[in-house]
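One chain, chain A, appears in both complexes that follow, with chain B as partner in the first and chain C in the second.
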Partner chain A sequence: MAVYEHLYGAYEGESHSALSRFFVIPRYALREVFKSKLFTTIFILCFIYPLVAAILVYLHHNANALALLQINVRELLPIDASFFLTFVQVQCAFAFILTVLVAPPLISRDLSNNALPLYLCRPLSRAEYVLGKMAVVVFLLSSVTWIPGLLIFFFQASLAGLSWLWANLWMIQAIFSGCMAWIILLSLLALAVSSLVKWRVVASGALLGLFFVPSAFGEIVNNLFLTRSGHLISLWATMNSIWRGLFGLFVRQTGSIRGKVRHPIYDEQFFDIALLEPPLWVSWLVIALICAVCVWLLARKVRAYEVIK
Partner chain B sequence: MSSTTEIREQSAANMNTANANPSKVNAARASSWSLWTRQTLAVMSLEIKKNFLSRRALLLYLMAGLPLVLLSALALFPPPTDEMGNFSEMSVVYAAIYGGLILRTLIFFGCAWVFMNLFRGEVVDRSLHYYFLAPVRREVLVVGKYLSGLIATIVLFSITTVGSMFIYYFWLFPSESARFFFDGAGASQMLAYLAVTCLACVGYGAVFLLVGLFFRNPIIPALLLYGWEWLNFLLPPLLKKISVIHYLHSLVPVPMSEGPFAVLVEPTPAWISAPSLLLFTGVVLFLASLHIRRMEISYAGD
Partner chain C sequence: MTSVIELERLSVTFGRRPILKSLNGTLGGRAIGLLGPNGAGKTSLIHTLLGFHPPTSGTARIFGQDITTDAKLVRATVGYMPESDSFIAKMSCVHFVRLMAELSGIPAKHALERAHEALFFVGLGEARYRPVDSYSLGMKQLAKLAQAIVHGPKLIILDEPTNGLDPPTRSRMISLIRQIRDGGRARILLSSHLLRDVEECCDEILVLKDGRIAANCNLEEERRANRKFIELETRGGNRAAFVEAINNLGCEYALSGERRIKLILQETTEISDLYRLALENGIQIRRLNFKRDSLEDIFLKAMENGNAGESAAANNGNANIIENGNAQLNETENGAANGRTSDGGL
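Up next, the complex of A and B:
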């Protein structure tokens, strides 16, 4: 309605709280996401491993089932930190696939269609817009990572008893923090790429490349330079170190190589090169730096207007 | 590219010639082949400019430059052992770098980037209709675009292959390398690696051209393909043959161990591997041509 006609009146209806305004973006985005049959299929497939894990936990405590299947309890995987670490690793790999499918169009579509001013002219700040888009990814990834992880943990606790729960209570924090670190990294990276590239297919390709190319490069660096520092280039390897640290399974020395140097006096001299993983704090620092760069990129790119020269 | 009027006149002339005298049909066909060749070259030259000079090419340059940077760093800061200083070990180490980084990762993703964008890129740029409105057969468009992608990837990754080999050998052992390349097996190894690089671009290019044409979101097929190619060493012999990497591995001059879990098969001989890849590419181009003839543009979904 034209303002100069003096007929414009402010909205007098019921005003919504800031929180409910914030949830408008994830609500509509999730509705859109589940329209895709491919996504829904992959999302359902993500629950196969938690189901298998739950069956394994159940078998551990059900003597009748074990007798029926003629399995010795010792033949089953032990339900300990390594069991939950594997769970986190598998589910986080699925989370990556979900991110590649869901996240790239979230911001790129708004940017390529010049729709950002339509969002930001409403009572929604830039930070709320980004958080709203991030909430879509966080919700979806949480539902396949730490939520089923904690459900299996409590399922095991309910079957094994309070003593097991008290002894392994620290694992709640490990499952939650490990998954959340990965979810935040993935969502920030995907949104940053999405804001930078603008096109969905190109953004998805860039996201895939960001994970696979540095991983291969890091492995070659490790093998050529006889080190494990190449893992810092690979996001998956860095996160693996963090998860191992959280589950108390991190070992710095992962191997050694027998080196040989020519010595002017002794002719040949052998020595062992210890292959040391980067310290945990360095892995955390790398992840924090990547997240900071992503936030900076988002702050630069998500604007209501753009000056094109 | 020929102007519309010129082409209309030419095709009208061809039709008249064919109707008037059947003996001149062959001449008309020959002239349409020459027209298609000129059009293919025109499309190719347009696309080559895009492949080399557009902003999207930056990622390709970055990927192609990675091994050169890595091997320069290795030459500057060699690890403190004699293994890297042993010239006889160098071909094995280079084979590992070539197989693990250049072939399986950089050429794969580079081809995915270039060939998927040949048509998907036009759709996201909303410029495919310009090509479709031009009086060019769509098959000509497919061939022109494919050749342009092929030239871009072959040029860049050949430079990567040869450049990384030269940096790796000559920086550390200049005199031994000179003997190895000019009097020994070095030149033949380099040519073999070059041939593998070219065939990889041909094979992966064809696959990704097809994926880019058939799938609106080609990322999942690309991901599946990457997994399939990486897990190739675990596959039974028959399934191994349904992959590009199997034929490329057979052609690599220094074969690499695929690990203790690998299912061992006889490498396919070169006289079967190379023609198989070329035949596969021909089939893919034929399928792509069939698909594009019925293709309708819808920019709404992208």
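Up next, the complex of A and C:
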């Protein structure tokens, strides 16, 4: 129908595939996200550390540049597992900030404006809707975490040669898996919060609360009971264990406390309490459980209409 | 007439509460009105057809596609205008409608073109770049209609489209619905509790009551069948003898008040016969109306018969509501044909 005719007409043109239809939601959401100047600024800031890391890698392999800057190569950080672990930790912290900015309104805005029936009355399932929204977070976080991580890895490999690449090939998996575990956890958590709370500000606050309150509580538990098990309720500490495990830097005993008791014969006796981090498999289990709860919440809340039984 | 919606023992239960109770029937009108009092199950039926609520038992088909097994195919052919305020915030109307078109499977380039066309069609052409959340209620309703038709669906489901509209906007909405109906490219399922809206737009109605079908009839046929309904207003003379004479002519009648007589003319009876009988009995015919059975009459009859049917079903222990519903409808028609001497029986 032509605009000037003002008549209703059926659409007889071509239709696009289900896959293209899936990308409609992230495409529109990303367009909205980049309208925010605050977000765009923080997104750009997220690339400062990768840039610094790339410069460090470059300096390691450029004697002229080192001579020019009068730096000894030994003074630079070594490009090894701990270098990439730090990279993942820093970038994943930035990823959290991006999530707090982007994710809370993704579902809550649709819920508060009753837009879900409009999405779900179309050839789009609830799972596709959630995956579409999740794709927004996954795309943004990937672009600041494992994608620059792998680019720096291959940059280092190209400068250091094949022997370094073969010796450190396992790190590709560590960078990718470590970042993806964090991205999936953050996106599911953020979407679950977004589906529970209709107001953006409250959803952002709840997400920050979920991150910081259990961490603080975990530290209190650790200090009160002389343990490290409190880390299990801290998302950041749990993920840190996982990242260390992936980069082969996980150590169970992270400290010890020397205590003393009074003995009737020997007067004072000293003993050491080893502070053991929870086993790695427990950390993975905790993350898996949190993800499962988030999926369950999303399955319950993302519906065209809520049925009150 | 091709069937648009086929209901096959469709039941929906929320928790332990049955909402739709074994609905059976075929709907094939160009515009189907879904009527019923509040809580009758109109919106639940629409939601079930769209796949929002899974049927507890039975199924339904839209253009032959099963709503449970071919849910995506069904939804690709359907446009839905929800009852409540629904939009995507912080988005201009044209982008909102375009997004909806793209989600329905229209490529981005065509989607924008279709969005402009749909908005011009509903009359929001000049306001299409404004955010939807800044629209008035009437404009939001029109925007909802635009998103429902943008992908050119074969069936457009409108849930209370005139809710909260002022008279001019309501007229505009009704005129748009009629325009779509008359275009013949899409069928319409219109749910409303406003009988006037349904009467103006629909040619078939499905009346629901307590999750059951209370009536399913073709309005056009009903209207044609009721053409010989006559209402007389009389004065003076021997009224008893006059109605006796009418009865002798084979016309069914009902007395309405002291002066009014409702009757159905037989094919062999002419209006002049009535005047002749009136003259013979000293009756003055002050007014003679060809009374058409209004949708309100049909609706009220369905509601009354729904109650009767329920008690009959309870007495018989018969759970087949649809058969009862049909039986009630037949009874209504027969009742009208045979006439009742009780007041208001016609």
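Brief remarks follow.
The criterion applied here is as follows: the second predicted complex is superposed on the first by the 285 of 309 C-alpha atoms of A that agree within 3 Å, B and C clash if a C-alpha of one lies under 4 Å from a C-alpha of the other, contacts with A are read in each partner's own complex, and residues count from 1 in each chain.
Quick note on the criterion: a contact is a pair of C-beta atoms (placed from the backbone, for glycine too) under 8 Å apart; a residue touches a chain by one contact, two chains touch by 3 or more.
Everything quoted here is computed from the prediction, not taken from an experiment.
By the touch criterion defined above, A:E12 lies against chain C but remains apart from chain B after alignment on the C-alpha atoms of chain A.
Using the contact criterion defined above for the overlaid structures, shared-chain residue A:A304 touches chain C, although it does not reach chain B. Of the two partner chains, chain B is the only one that A:L226 touches; chain C does not reach it. With both structures placed on the common chain, the touch criterion links A:R122 to chain C but leaves chain B unconnected.
Once the two complexes are overlaid on the shared chain, A:G259 sits against chain B while remaining clear of chain C. Once chain A of one complex is fitted onto chain A of the other, the partner contacts of A:R21 are limited to chain C, with no touch recorded for chain B. In the superposition on chain A, contact of A:I48 is made with neither chain B nor chain C. Look at A:L76: by the touch rule set out above, it reaches neither chain B nor chain C. Touched residues of chain A, counted separately for chain B and chain C, are more numerous for C.
Annotation: chain A has no residue touching chain B in one complex and chain C in the other. Here chain B touches chain A in the complex through residues 56, 59, 63, 66, 70, 74, 77, 79-84, 93, 96-97, 100-101, 104-106, 109, 112-113, 116-117, 120-121, 124, 217-220, 222-223, 226, 302, going by the rule given at the top.
Considering their complex, residues 14-17, 47, 50-53, 72-73, 75-76, 78, 80, 82, 84-91, 95, 99-100, 102-107, 110, 114, 116-117, 120-121, 125, 133, 147, 149, 151-154, 176, 179-180, 183, 185-186 of chain C touch chain A.
Listing the residues of chain A that touch chain B in their complex gives 38, 97, 100-101, 199-202, 204-206, 208-209, 212-213, 216-217, 219-221, 223-227, 257, 259-262, 268, 273. Residue ranges of chain A in contact with chain C, taken from their complex: 1-3, 6-16, 20-21, 24-25, 28, 32, 109-110, 112-115, 117-125, 303-305, 307-309.
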